[in-house]
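Each of the next two complexes has chain A plus one more chain, namely chain B in the first and chain C in the second.
Right, the complex of A and B next:
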């Protein structure tokens, strides 16, 4: 039996998110489970299928992030924990890490913690490394085969320019992304089940985290301003037949000394 | 945690210099040495380079002539001792942390490589300080509330249509990672002599992750995209594998590199390592030819800093045209063979074949 946690983030499906004047992220439109996190969950499910155990998904986010945990249940997770607190608004990656680590400690100990490599909204990829560092649990990235033997994880992974077979005593943190696997489709029964399922919601106080250590106040990095990028481009449309436009393009190459004969 | 009063104690710019595949100094690190010099000159501070490697001495000359670092600190083991051959977080994190605590730089810059990202995030956690990922610019500015000489880090947000200016005003050091290719590499100053300080490692920790078998070399498919003058990129609008092959032919004629959008890769027309954009390469060639690319921000994030952008597309309303210098609205399937035919008048293919391998 393996006790597994999976870190899950709800993210906007598209990049067309807006920011308010304080530089805070305003989530609009469709929200999805971060793609890399689905790969992490898929890896967790495969471990559970072989060794048995329980999968707990953990997410930090606004109340609607509950949907991401329900979706994880539809995919096969057993339990969902949502850390939600208005005081967390504006937290940077380091605050997020400390909150997630506190939650993992409180609901653990876990043998394996899976996370996506990065989230498509922030793209920092900080959190798994920092959770590893904060919890003193080794991190295995870019794995492609896993097995558990005598409380140790054997992982085949790529590190740098090496293909390695590693051995690590549990617990271990692992990160997955699109290269790791293809997340499964949800079956209808599980989707039905997820509609009635619930997740456990906890706030900062329950985690024993001071509000001064959370949100914008607790974050080492601060967003000074957000500006729209304006780039000047010619925006010139070439006219003529394919041959004529092709020759205009060749002329452009020649003019800019880019055509090497 | 350092408080505001600590400010004077934290000075100098530290660059983590990575030795790539124990073969060369990582180009991303050399670029950062140049940027660090700019910042250091502005603040009248020093540039401290930190590196490690097996037989590390062989790399020091190249480091010292880029960005004129004041001091290079390095850990080195003579081969075949592999302690410092590769980045191992269990070894390097404690050493770099100790170095930073001792020398108290105000700013730490790292290239956003596999090792650099890992090290940066872990060190920021250890030092309880802020880290900004994938900055596209760093400048020194004053702020009425936060004080003087702040490092303002520009990070593209929301697909690159916005840029967030991020600071780390009350904790030290300010840390950021920068993707290789973002800054220009400084021209070598061969006459510069940096102070060289070899560091002696303390007894190493017992490693939690051990290797069961001898590792084998895994060749990451090499990419020259960051260095290319011309990039020929294809998206979904290219339409077919056959037409995509013509892009490769065009690239061959132009001595360009071929790139792709994620969708083109999903279609099986190009390999994953050719992706330009948010989850791929960030490039700024002199010329970017975008064939059948609609211009989703996930893609344009990676190429909108290109010198000249030409969009070739049958959809006049595709967003790519907004960021293009020149738009060619046509059917790629007929345009491309025509272009190749016209180009043959200019390009000596016989010479080209002798010097490059033509795609099949």
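Right, the complex of A and C next:
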């Protein structure tokens, strides 16, 4: 029996990511479970199918983030814990890490913690590494196969064009993304029961975290500005005979270092 | 009145949409071009999601969901691959669900779990070469012999015919009794004397192996009669009432696929130095397409909602099927017009939507039969029941 936690984040569907003028994420429009987190949950479900156990999903977010945890239940998770508190508004990845680590300690101990590599809204990829540090447990990235033997995790990792086998004592945190697996489609029977009981919601006080250590106040990093990268393509029209146009083209390509002579 | 979906319904839609777009939409053009039946992986994936027993109780390995969820699932599947939608909707609403609603405990134990889990595919077989809209012309006969019935006859245009292992078959047991002389039987493909005839080559829905079925001295235990012997016609009408909600949702799915493709194309295709969507001629078409699909959608949900509340839904289901099929066909025609020549060639999916959609005006009761059902209900209402 393996006690598994999966970190889950609710994010805007990629077409609808918006930031306000302070660079804060605007949570509106369609919300989805962060795609890498679905891969993390898929890995957790495969472990559970082999070794048995329980899967708890953990998320920090506004009240509507409970939908992401209910969706995780439809996919196969056993229970969900949402850390939701207005005082967390504006938290950076440092605060998020502290909060998640406190929650994992309180509801653990967990043998395995799965997380997505990164979220499609902030794209920092900080949290799994920081949770590993905060909890003083090893982190394994880029795995493609896992097994548990004598209370140790053996992971085959992608290492360039090679597969590297590593092993570590439990607990361990592992990161997954869309290269790791293909998340399963939900079973309608599970969807029907995903909403039978809601997720457990806790606040900062219950985790024993001071409000001064949370939200914007507790965040050492700040996003200053978000701006769009605009790539412009220039059209150029060549004129003359075929030969002249050919020469002009070669000259243009050479001048822009696109053609080595 | 509540026009909002429940959280379960929303998640069903989202989940089936993802599967349909990632898996079904990819295989659909190939299956269509090659007149090929669904590969086993697709059938297995549908089964793993319990899409073969959407409304069947969980005790019989179904998902136990309501009719609205069912409509959402069929719409999404059909939007990606109408032929898969056909396999799933027929299996669900005119085979599995009728056994669930009208079957005996023994029949449910024997047949329902296998159907709801997708271990076996189902077919519903009434139509004969000379009995289409007019069921009373049925020439397949069942003669009682001790504890069995012996069935002889020929059926045609059987959806899922070549892959079905469990089928509901209509046969005449007493010609003099008219409609009351028709019974429905649960027949296994494995029963001696059952054989599959010609598999039709069709204009659309090509991935579905619609076939003839032959019954040559097929001995069926009398316990396999669905409902009572005299009830075959009445049950068939009730079964088709349920089935039509599914076909309506299927037509809506095909129409939505055509509409979305056309709307996107109208913003991309430029003529006379502007996207063609800027021309009112195109905007008016798009507006009409959307409004027509929305009106079909709510008739479908209305019929499904009546059914879920155990209220009469025969007329509502006929209206849903009539309006959805007619509107979806119109939408497909307009979508092709917006695409112009590109809509007519096989490279883009619009011509497939057009071909697939046409049959929704014909099967499980033609549009004209739907009008007759609605018209009869109107006369009954306004004549005080005297006509």
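Just so we're on the same page, the second predicted complex is superposed on the first by the 209 of 261 C-alpha atoms of A that agree within 3 Å, B and C clash if a C-alpha of one lies under 4 Å from a C-alpha of the other, contacts with A are read in each partner's own complex, and residues count from 1 in each chain.
Definition applied: a residue touches a chain if its C-beta (ideal position, glycine included) is under 8 Å from a C-beta of that chain, and two chains touch if they have at least 3 such contacts.
Note that the structure is predicted; figures quoted are calculated from it, not measured.
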**Request:** Scan A:226 for contacts with chain B and chain C and give back first, second, both or neither.
**Result:** first
**Message:** Under the stated touch criterion, which partner chain does A:194 make contact with: chain B (first), chain C (second), both, or neither?
**Reply:** second
**Prompt:** Is A:186 touching the first partner chain B, the second partner chain C, both, or neither of them?
**Reply:** second
**Request:** Have a look at where A:138 lands relative to chain B and chain C in the superposition and call it first, second, both or neither.
**Result:** first
**Request:** Have a look at where A:243 lands relative to chain B and chain C in the superposition and call it first, second, both or neither.
**Result:** first
**Prompt:** Which partner does A:252 reach: the first (chain B), the second (chain C), both, or neither?
**Reply:** first
**Request:** Please work out whether A:166 is in contact with chain B alone, chain C alone, both, or neither, and reply first, second, both or neither.
**Result:** first
**Request:** Using the superposition described at the top, determine whether chain B or chain C touches more residues of chain A.
**Result:** B
**Message:** Let me test your reading of the model: by the given contact rule, A:74 touches which partner, first (chain B), second (chain C), both or neither?
**Reply:** second
**Prompt:** chain C touches which residues of chain A in the complex?
**Reply:** 67, 70-71, 74, 184-189, 191-192, 194-195
**Asked** Hey, which residues of chain C end up touching chain A in the complex?
**Response** 7-8, 11-12, 15, 18-19, 45, 48-51, 54, 58, 62-65, 69, 73
**Fill in**
Within their complex, chain B touches chain A through residues 21, 86-87, 89-90, 93, 114-115, 117-118, 121-122, 124-126, 128-134, 143, 146, 152, 156-171, 208-213, 215-220, 229-230, 254-255, 272, 278, 286-287, 297-298, 304, 308-310, 316, 321-330, 334-335, 338-339, 342-343, 346-348
**Message:** Using the touch definition from the top, list the residues of chain A that touch chain B in their complex.
**Reply:** 15-17, 19, 23, 92-94, 97, 120, 122-126, 129-130, 132-134, 138-141, 154, 158-169, 179, 219-229, 231, 233-238, 242-243, 245-250, 252-254, 256, 258-261
